[in-house]
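A short write-up of the structure that comes next.
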Amino acid sequence: MTEILQLVLVGVVVGSIIGLGAMGLTLVYGVFKFAHFAHADLMTLGMYLAFFVYVDIGLDAGHIGPFSFGWGMLVAVPFAWAGVAAACVGVDRLVYRRLRRRGGGFLNLEIASLGFAIALQAVIQAIWGSPPLRYHNEIHEALTFAGGLKLKPDQMLFIALMPLLAVALYLLLHRTRLGTAMRATADNAPLAEASGIDTERVRTATWVIAAALTAVAGVMFGVQSQLRFDAGFEFLLLPMFAAVILGGIGNPWGALVGGLIVGVSQEVSTEWINTGFKPAVPFALLIAMLIVRPRGLFGSSIGGSG
Amino acid sequence: MSALLEVDAVRAGYGSVMIVHDVSLRLERGELVTIIGPNGAGKSTLLKAIFGLLPVSEGAVRLEGGEVTDETPSHMVRLGVSFVPQTENVFPSLTIRENLAMGGYQRSGDVAERIAEVLRLFPELAERQKARASHLSGGQRQALAIARALMLDPKVLLLDEPTAALSPVRRGEIFDRLQAVREGGVALLMVEQNAREALAISDRAYLLVDGRNAHEQPGPEMLANPEVGRMFLGLDSAEGENGA
Amino acid sequence: MLPVESLTPLAGELPLLVTFGGGVNWTVGFLTTAAIFAIVALALNVQWGYTGTINFGVVAFFGIGAYVSALLTLDPPGQFESYIGGLELPIPVGWIGGMIAGGVLALAVGLPTLRLRDDFLAIATIGIATILRSIANTQEGLVNRARGLNGIPRPLEGASREIGVDYDWLLLVITGLALLAVFLVVRGATASPWGRVLRAIRENEATTQSVGKMTTSYRIQSFVLGGVLMGLAGAIWAHRIGTIAPDSFDNLTTFLVWTMVMVGGGGNNRGVMLGALVVGFVWFGLPLIQEELPDFLGTRVFMLRRIAIGLLIIGFLLARPQGLIAEEPRVSRFAPRGEGGGGSG
């Protein structure tokens, strides 16, 4: 029993990372109406940009309280956000917006995003190389709780961070003019334009907000395991898409819940099946969802249900 | 003094397929003008071209004497022209209040005040401000679409078949509202299939056939015009089926 | 040994090239590879170019064809090997088995997704490639895991020795004939009334995102035909290379084929074969000049060519969506058009 609970706990940690990444992915999906296949590699970019500031520049001294990382991370994460946002806005201006204006349909955008993903992954590999990297090499001790459950301070932080960022995103989408305009653009972009909303500015803002979630989730992934140039396609893309579809396309809260479901079932499955089959779990969830309820658990709109 | 809105020999369509060939019309301040015509006459295409949703390939659109041909929709809105599309004219996942706020996106400051003003015209919406637009009935949704377009206090309101797919009772309600809007000083240019009711309240009407002007008359006279009646209003029975 | 990313992309050929007379050998080997990729590109062209369905898991169909054909034709597993099959069947039976496997996999992935949005297929196909690779790497007693399958028989190898023909040339001829057959099948299919339905589906659905029940069956048929041909290409590959392992079937194969189709022009059969030749030449040729490049580039040549294919996909989408050579004239959804569509009042 403890063993299963422990796996659930780790699953929640993994699920928080997948869920935060998936929130960004689903936001882009909702506003831009295409599956952004470069999203996982943007997450990888985020983790390496943080590495650049934290390790390459050398801000990795000390620790914040019980955590494995030091104060430099507070510089590294915003830098990663800025870099990922710049990459998103850049590729949108240079590529996606042109294809959007041409009106050739969303399929071309998806293929373009695959091209971007391939190039981005190779650029990351060319700069930081193939061997896995870590923000820190020393061992990060886990704390033991009642019933023998173990959790590292880092992991506790991630679990806490997830609802915090989710609430922040909720307030942004529902309590600000910009957020409402984002939901309006996702609902009906031509009408938003006809209402006098500057939809291109809304789209830029969407990239910047999605980039924040992406960068934070990327750094979390790097802290939790290690930095790999191919992490995007190998470990992140499929679970994130599974989370997005489970939660309903365009629905950030759905994506978060979907991420947790994916994370927990991935980890708990290892109790019965070989770890090598782990990638099959999100895939099975995804296919099952497509067969049973393709709209997702919570329906697909940025407003969410309720 | 020049007309509020003037359409001068406009030609427009989708890509290389021209649907509007040569249409001229004008809209004076405070007027309600209806465009009628058989299916495919180019009525909706004309409205979209005026509002900048489709390119105008020849001719000109003027607002208060200044040329606004091929301006973007968001610029047209800034100049005081609002548009109510026939379908997909609300934000379904947003509440009524949010829909109105988005209609007034370009307003600075007094959005709440303006929402209150607009809602005075639409009391049935005022009661349900937190309801999502997707939960509204057809008539309420249409009312919301018009209310949203009024948020920026436009001089001109372009309406694409505001009563299509509504029951006769709801249709009457919408036409009453539109008259109230006109009394508030907004000029309306409306495309309508339910021609009898629309013409009855119109100051003037244009009949479009094959993308060209065929007739121009005061609304009630157009209604009484035997030729128009034979050519177009005879379709009333088919239209009744659509409307029901 | 990786088919597309290994340090010596055409092991055997590359060392010869830098010695005397290597150029001819390299060219023969390269053309054989290009012909196999041309088959995959034609298959993807049926799915994407003619029907507008996105398959981001090309390598899964290619890989399953390779594995099934190998398992059907291999000797039974030896002492340190463990895999199913090893039936010692003739190679053509293996090829047919590979085709069936590719088609069945396409049916399994297409059925739940193709009645829905197009993006779901794209996502699911990425998934299936990852899953199959992890199963092949993990499941004991299935396909010998990461150790791979070795000693896959090569077609007519004995015969070539008897009649004294250079085997690489013979292999090129066999592969070329297979390509010709596939080309004729695909051309016939896409020029038929069936193909015209596919094109109509692509033109309409790309903009509306809606999927009618009527069209689903055609989309599945086209997806399965593509899967069958990818399976065939994989089978040919397995017997040509002799050794396969799960990690040789990574996503790069998929990306490479996509680049070939985008460069050649979706919906254009001759174009995508040209695309396979041109992109294949850049991809497999670049490492040959590695030594000539300045150090900072030379050490990164494998990353450079991946950056290059990513940029090629984007560049062709933006600047030349019709591909290298113009296709037969028709209304294309790649052609620029206004935002609006549909009716008027």
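Note that the chains are named A, B and C in the order they appear, and that numbering of residues resets to 1 at the start of each chain.
FYI, a residue touches a chain if its C-beta (ideal position, glycine included) is under 8 Å from a C-beta of that chain, and two chains touch if they have at least 3 such contacts.
Fair warning: this is a prediction, and the values are worked out from it, not measured in the lab.
S.K.: Farthest chain from chain B, comparing Cα centres?
M.R.: Centre of mass proxy via C-alpha means gives C as farthest from chain B.
S.K.: If you average the Cα atoms of each chain, whose average lands nearest the overall Cα average?
M.R.: A
S.K.: How many angstrom between the C-alpha centroids of chain C and chain B?
M.R.: Roughly 53 Å separates the two chain centres.
S.K.: Measuring centre to centre with CA averages, how many angstrom lie between chain A and chain C?
M.R.: Chain A and chain C have C-alpha centres separated by 30 Å.
S.K.: Measuring centre to centre with CA averages, how many angstrom lie between chain A and chain B?
M.R.: 43
S.K.: Give the residues of chain C that touch two or more other chains, as numbers and ranges in rising order.
M.R.: If we look for residues of chain C contacting two or more partner chains, we find 337-339.
S.K.: Where does chain B touch two or more other chains at once, residue-wise?
M.R.: Correct list: 53.
S.K.: Can you tell me which residues of chain A touch two or more of the remaining chains?
M.R.: Answer for chain A, listing residues that touch two or more other chains: 190.
S.K.: Any idea which chain A residues touch chain C in the complex?
M.R.: Those residues of chain A that touch chain C are 33-35, 37, 95, 98-99, 102-108, 110-112, 114-123, 125-126, 190, 233-234, 237-238, 241, 245, 274, 276-280, 282-283, 286-287, 290-291, 294.
S.K.: Within the complex, which stretch of chain C touches chain A?
M.R.: Residues 52, 54, 56, 112-113, 116-120, 122-124, 126-128, 130-131, 134-135, 137-139, 206-207, 209, 251, 255, 258, 262, 300, 303-304, 306-307, 309-314, 317-318, 321, 333-339.
S.K.: Given the complex with chain A, which residues does chain B contribute to the contact?
M.R.: 51, 53, 72-74, 77-78, 83, 85, 88-94, 98, 101-103, 105-106, 132, 148, 151-152
S.K.: Across the complex, what residues on chain A touch chain B?
M.R.: Interface residues on the chain A side: 177, 180-181, 183-184, 186-188, 190-198, 301-303.
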